[in-house]
Amino acid sequence: MFYGKVIGSVWATQKEEGMDNLKLMVVQPVDFAGHAQGSAVIAVDRIGAGVGERVIISRGSPARALFGGKNVPIDAMVVGIVDSFDVVTPQDGSEDE
Amino acid sequence: MFYGKVIGSVWATQKEEGMDNLKLMVVQPVDFAGHAQGSAVIAVDRIGAGVGERVIISRGSPARALFGGKNVPIDAMVVGIVDSFDVVTPQDGSEDE
Amino acid sequence: MFYGKVIGSVWATQKEEGMDNLKLMVVQPVDFAGHAQGSAVIAVDRIGAGVGERVIISRGSPARALFGGKNVPIDAMVVGIVDSFDVVTPQDGSEDE
Amino acid sequence: MFYGKVIGSVWATQKEEGMDNLKLMVVQPVDFAGHAQGSAVIAVDRIGAGVGERVIISRGSPARALFGGKNVPIDAMVVGIVDSFDVVTPQDGSEDE
Amino acid sequence: MFYGKVIGSVWATQKEEGMDNLKLMVVQPVDFAGHAQGSAVIAVDRIGAGVGERVIISRGSPARALFGGKNVPIDAMVVGIVDSFDVVTPQDGSEDE
């Protein structure tokens, strides 16, 4: 999974089967200091993630796991809203090796 | 999923099983300000996405989900045509942390 | 899928189960102007792609879809040989936004 | 799989189905000299990996393999805690070719 | 698949289910001129790949294909040891377009 910040939403009227009634959030991957890391991802949210919140995103086939046999062609999902984290080493802290 | 702009089409006469009658669009990933992000992707479109339109692309096995048990070897699909988006923070806006 | 140019072949005598009788081509991802994009990929070809040809490559589990239940551990396949393309916007053409 | 260093933990109260009772560790990919390589990953740990330990991370659908048919939407898992390694060539040692 | 050079091994006593009796090799992706390309990968080897040998690596779910229904959480496997290759165009040879 990756850590990200919800930065918005996106809407589509014309869409594929299986995409109905899905809330699509735009999530920017960030490091634990809050700096953007790479490109934003569009992820399905079913747990009420709001703009500005920090979330955990799962990608690929695992993101479809909760839809079981249904034909839902999504490849990213909000699987948790982060309450807190404890990261003891700066991510670029290779100097301590 | 990622956000992209349809920039063209590609045709192949000689192709694998399961690739018949699929419309193949070239989609450039872009950020919400319209700047290109990485390499273009060839994605199947069944919902009428046209050149210049902004779309949502799903990749990997989830892109095959709508073909059920059929042997369709595709790894990218247009799953939505974007009507609008509301992105409150610039994607590179880590300074607001 | 991604767009690439066939740049060669690779041979292996010692190999895993399921890798017999597979033609392995080396494919360089390129943009539609012909510039290399990232690292070359080794992909299975069953449709007669030759060196110098432009092809469409599918990756990941979808590349295995055509082998059905067989234990074939491949993660990239040539799914089409490109006849022509029509890309109206340069891939780095974000300035037109 | 990739080689990484456990740098922390993350907690989420509000989460998706299947995410209960999973310990989520933050793992920084590193090379064998200890230098950070790309962005940190959030991975499930069931084998007692602690902060500072070097681990092997599996990603994508394989990370879900151990949960069988259960609907667990995770895409990264700690599959081993590294005791030792023997890497004879520096990773950037292409000069010896 | 990608082309790589075996640069070492890694050992883990504490590991997940399904990881027993697997030989874990460290493989550096390289281009056909031998230059390192990105980060090293830890891959399962069952065909006797030794340090210094050039191999073909398959990643993701396809790497698990040979383990059938067994719960083996691996995402990279050595699927061939390269005897020879014939790459006619330098990988960065986009100038010939």
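Chains: A, B, C, D and E, in written order; residue numbering restarts at 1 for each.
Just so we're on the same page, a contact is a pair of C-beta atoms (placed from the backbone, for glycine too) under 8 Å apart; a residue touches a chain by one contact, two chains touch by 3 or more.
Chain identities (UniProt): A, B, C, D, E = EutN/CcmL family microcompartment protein.
None of the values given here were measured: they were computed from a predicted structure.
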Common touching chains of chain D and chain B: A
Labels of chains that are neighbours to chain B and to chain C: none
Intercentroid distance (Cα basis), chain D paired with chain A, Å: 18
Whole-Å gap separating chain C and chain D, where each centre is the average of the chain's CA atoms: 29
Residues of chain B touching at least two other chains: 60-61, 63
Graph class of chain-chain contacts, one of line, ring, star, complete, other: ring
Cyclic chain order - from chain D, heading first toward chain E: D, E, C, B, A
Chain C partner contacts - residues on chain E that touch it in the complex: 1-3, 29, 31-32, 37-38, 46-48, 56, 58-63, 65-66, 68, 77-89, 91-94, 97
Chain E partner contacts - residues on chain C that touch it in the complex: 5, 7-19, 24, 26, 28, 30, 33-36, 39-43, 51-52, 60-61, 63-64, 71-76
